[in-house]
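You will see chain A twice below: alongside chain B first, and alongside chain C after that.
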Partner chain A sequence: MNPSLPTNEQRLDIYRKMLLCRMFEDRVNSLFLQGRMPGTIHQAQGQEASAVGVCHVLQEGDMLTSTHRPHEHAVARGIPVRFLMAELFAKNTGCCKGKGGSMHIGDAERGMLPAIAIVGGGIPLATGYALSFKYLKKPNIAACFFGDGAVNEGIFHETVNMAAIWDLPVVFLCENNKYGASTLIDSVMKVKKVSTRALAYGIPSETVDGNDVLAVRQATLRAADRAREGRGPTLLELETYRFAGHSRSDPGHYRPKEEVAEWRKRDPIVRFETQALQTGLLTDSAISDCRASVDRELDEAVAFAESSPSPLAEECLTDVYVEQSYGKA
Partner chain B sequence: MSTLNKAMEKPEVEGRKLSIAEALREALREEMQRDERVILLGEDIGIKGGFGGAFTVTLGLSEEFGSHRVVDTPISEAGFTGIAVGAALGGLRPVADVQYGDFLFLAMDQLANHAAKIRYMSGGKLRVPMVMRAPVGATTRGAQHAQSLESYFMHVPGLKVACPSTPYDAKGLLKTAIRMDDPVVFFEHKLLYGSKGSRKEAGGLDVFGTVPVEEYLIPFGHAKRIREGRDVTIVTNLLMVHKSMLAAKSLTEQGIEAEVIDVRTLVPLDWDMVFESVSRTGRLVIVHEDTLTGGWGAEVAARVADSCIGYLLGPIRRVTAPDTPVPFAPVMENFFVPSVERIVQAVKEVCQ
Partner chain C sequence: MKHIIIMPDLGQTTSEAKIVSWLRKVGDKLTMGEPLLEVETDKATMEVETYVGGYLRKTLAKPGDLVAASSPIAVLTDTPEEHCEEPRGEPAAPPPVKVVQEPFPGGLAHSPGRVAAAPAARALAKQLGIDLSAVSASGPQGIISKADVERFAAKAATTTEPVNASVTDRALQAMAALTSSSKSTIPHFYVTVDLDVGVSETWRARWNQNHPALKASVNECLVRAAAAALADNPRLNVRITDGRYERQPSANVVVVTGTDSGLMLIPLEEPHSGTFEAYLTRIKSALTSAKAGRAQAGPAVAPSLAVSNLGMFGVKEFSAIIPPGCASILAAGTVRDQVVWRDGRPQPARVCTVTVSADHRIVDGIAVAKFLESMQFHLNSL
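Then we have the complex of A and B:
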């Protein structure tokens, strides 16, 4: 057996994480519609294979950066869902003490920077982390999620070029879900594949079936190994699809019904379950047990969030600067 | 104004005479020796046979510390600024620089959205210990290599802003900036560098000043009263500190004693010193090369009006560049940059 392939135990962990991602998003959607959460949300149902396949490869000390659609990345990275839920509820116990919100969830101590909601903004931050890892001779890598829209930002070009010339340990992960908000990627990019762009920087790239969690995992593993061995960055294009609209107010009328239906058939969780039932990794009762266990975890997270205190209004004024004093006047 | 005003030197300070470029270089060298985590990022800063950045500040540091610590970047201001933010989050203490302050606009997203906000967004868990150095000031290079833009950055909560006018302050403040855990935008005036050889600035001041051999740091948020006076308070920064001192000398001959305060840092700004001085003199003139509308002088004027209105004996006046881009023709540039004569005139008007 190829040692880089996941064990059965790891496969079950991957499955549960994908379910947790999906059911977290579904629960958030329902809470949101009930008016129990403030703000806006950008949901990622359908993109679980990408989030979980990548994060399964990451190790302690590695740093993940994310986007305005970060919930599943945070869940997959292993940040306890109670702290994520509390942040969405704008509570003091949230992973950012209620100062971040949906678009900035994350916890650097647990391997994920607060999500960066400026399109492409996480790319230089991940690359800067990679520079620090290389300089400090740490064995870690940075993993950088961004969407297809981000590859048309100038910062993508500047930063990937620098990561390439300095052989930095970073993996660039483009979740190509075909749409930047409502704009089809084909209408704003001349080349057919995002991965083609890597040629311009002299780095390797792959286009991967982003709804096949094992394919994502194996491609990320290759790129991560390369990065850890000091051989520089890789650009991975993970082809996927979000089942929801861009944000809470978007019903997605710009997408053909047939296209949505076609991608629904490629639901990464259903695909995994179908295959796992065939190989005997999962049984029907194991699936329902797993769903029930995820449900309980989410119940607990919601109860934790709802019973947590709100921050004080005056806490608005703290955490702008580090309090320090140096020298004499 | 060919020599640094003698009154600006602290008589008690002993040391060597250094230019601001040399003082900044010494600050970088000392901090790099002290802390392995300090690295430099910028364009043309460490090229062998090159010129040590646009104004010689990093000359020789690459030979001393190696190209892994003096990192020459592509011409990618947004990219390397963002990488500096990430590297700072990752445990390094990067000092990035742009060749001209105007180029900071290329990196505005990195500074205003990322460096400044990520600590807050994280609920106070993260720190961004980086410095962004930027030369400012009009020097007959036309509109895009000339702007004084410190007010933009003063308006970004999360950033600290320094703007020294002497070698002593430049060194002490840069060392502090490197050790601070907040992102700092550090402005240097091109006519004050005192760079030598082919990089010498036409019209630059002879800014050699005494810098102690012993290590010292200067805290942010402490302005310097460089001249005492009973009649009017002048609050100023960078090159305008020197022009204000010359104006004060001229005003003495006309019977007006001006107090001159060099803010040294705009964020935080030493409001206590400004308020105390204005409460005593009853008059305030603010002098900066940044343009008028929304310039940092407007903030000083508003706060003084708020806190010291009962002490004011005349209107608050600002002497600044007009609201135009920086022109090229020397005759126009001289009109644009506040002159000693304009400062004298403004002070006389508010003292009437």
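Then we have the complex of A and C:
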């Protein structure tokens, strides 16, 4: 057996993480519809395989950056959902003490920088982390999620090129869900695959079925190994799809109904379940038990969040600047 | 168990949405996540799904209603028959639907909220410069059709709304129609100057001391001086009617004034003629009767210049939209003290910043500049 393939225990963990991602997003939508949760939300239902497949490879000390659609990345990275939920409720028990909200969830101490909503904004930060890992001779890598909308930003080209020439330990992960907000990628990019871009920087790349969690995991493992061995960055294109609109205020009318239906058939969670039922990894009762346990975890997270205090006015300016001396001790 | 469905906060720039249609009817059984209604936000028309399963028992708002976010819009119960009314004597929940009144403050530059309209109607309205919020809908569910816009355009072209209409809705509709048509058809340009009002303000103070029963306001002085300057500058004293450009035999001015029900345009015949005393009596009586909703008898005047003033609110300067027919509008700010550099040293001065918006089809910048120069002269010799 290929030692890089996940064990059954790991597969079950992957499955539960994907369910937690999906059900977290569904719960957030429900809370929004009930008027209990404030704010604009960018949801990622449908992209669980990408989030979980990548994060399953990351180790302690590795650093992940994310986008304006960060909920599933944070759940997959293992930040406890109660801290994420509290952040979305703008409570001071949230992972950013309630001052970041939906588009800035993350926790550097748990391996994910608070997300950056600016398109492409996480790319240079991840690369900066990679530079520091290399400089400090740490065994860690940086990983960096961005959407297809980011690959035509200047910062993408400049940063990937720099990471390439310095052989930095970073994995560039393009979640290609076909639409930058409402713009179809084919209308803004001449090459057919984002992965083709890697040729220009002289780094390896792969286009991966981003709705197949095991394929994502294996590709990320190859890229992460290269990075840890000092062989430089890799560009992975994860082809996936968001079931919802760009944000809660976008009905997504620019997408053909047949296209949405086609991608719904490729739902990463249903695919995993179907396969797992065939191989005997999962049973129907195991699936419903798992859903019930995720539901309980989310109930607890919502209760925790709703009963938490709001941020205090005195805390407005805390965590804004870091006081640190860079001189000799 | 009873579940209240609320209007979610779906807008990008507003927190209200219009109900387009109910996709399910009272009595229907719904499952969680099923689309329940269609709403139109400032950005898009979209479906809203129910966050809970159950039987739809009541809808609390109807298609066409503009509903504020978080207002209850429907009631679901777990079973089809269970009681869903509030017991008597207890505070009523769900609270009544908050239907948003579209705000329309008396500013000339206001853009009203999104209204429900067919795309073809929207495109036509845009082309004709018609504000859709002024158009009444005849289509299903209060959606404005292309025919509604055509009807509105035809009516706006043939009827002359009484300019001093005091019925709120009519005043608002007239303002919406007039300003959109002006701003989209007249090529506006703007000339701004600081008028030195030191002399005229001293003169006005003395006048008011001597005539406690007939005091003059800053605006009354400005209107008088502007009319005199208009008479001096025939190039500005022109009107466009039916695409034809006509020089005016007399210098008439229209004063824009704000009332509780909106803006009013009060035409004055030759404000610079006669004694200052007679002029003041005339303008004050015209303003009073217009505000009371009475049209004044008298010959119809064709003004070529409008005067608008926000100085009494401390506004420093602003620019205004030209009323249809006029060639220009003068927008006056507040009278303020300022230090000016004069004769090689700083000196105190009283100034009033005015901006003239003019129609570049019939007026050029030099005509406006000369008019303003002339107005300064007349202010100094009230």
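In the analysis below, the second predicted complex is superposed on the first by the 319 of 329 C-alpha atoms of A that agree within 3 Å, B and C clash if a C-alpha of one lies under 4 Å from a C-alpha of the other, contacts with A are read in each partner's own complex, and residues count from 1 in each chain.
The rule we apply is simple: contacts are C-beta pairs under 8 Å (C-beta built on N, C-alpha and C of every residue); 3 or more make two chains touch, one makes a residue touch a chain.
These figures come from a predicted structure and were not determined experimentally.
Within the superposed three-chain model, A:G210 lies out of touch with both chain B and chain C [touch as defined at top].
When chain A is checked against chain B and against chain C, the one touching more of its residues turns out to be B.
In the superposed pair of complexes, A:T127 makes contact with chain B only, with no contact to chain C. Look at A:G46: by the touch rule set out above, it reaches neither chain B nor chain C. Of the two partner chains placed around the shared chain by superposition, chain C is the only one that A:F32 touches, whereas chain B remains out of contact. In the superposed model, A:G232 lies in contact with neither chain B nor chain C. Once chain A of one complex is fitted onto chain A of the other, the partner contacts of A:D250 are limited to chain C, with no touch recorded for chain B.
Once the two complexes are overlaid on the shared chain, A:P70 sits clear of chain B and of chain C alike. Within the complex formed with chain A, the residues of chain C that make contact are 5-6, 8-12, 32, 41, 43-52, 69-70. Against chain A, the residues of chain B that register as touching in their complex are 37, 39, 68, 73-74, 76, 78-92, 94, 109-110, 113-114, 118-127, 157-158, 160, 172, 176, 179-182, 216-220, 222. Of all the residues in chain A, the ones that touch chain B in their complex are 63, 94-100, 104, 106-109, 113-114, 116, 118, 121, 123-133, 135-136, 142, 154-155, 158-159, 161-162, 165, 318-322, 324-329.
Within the complex formed with chain C, the residues of chain A that make contact are 29-30, 32-35, 38, 245, 248-251, 253.
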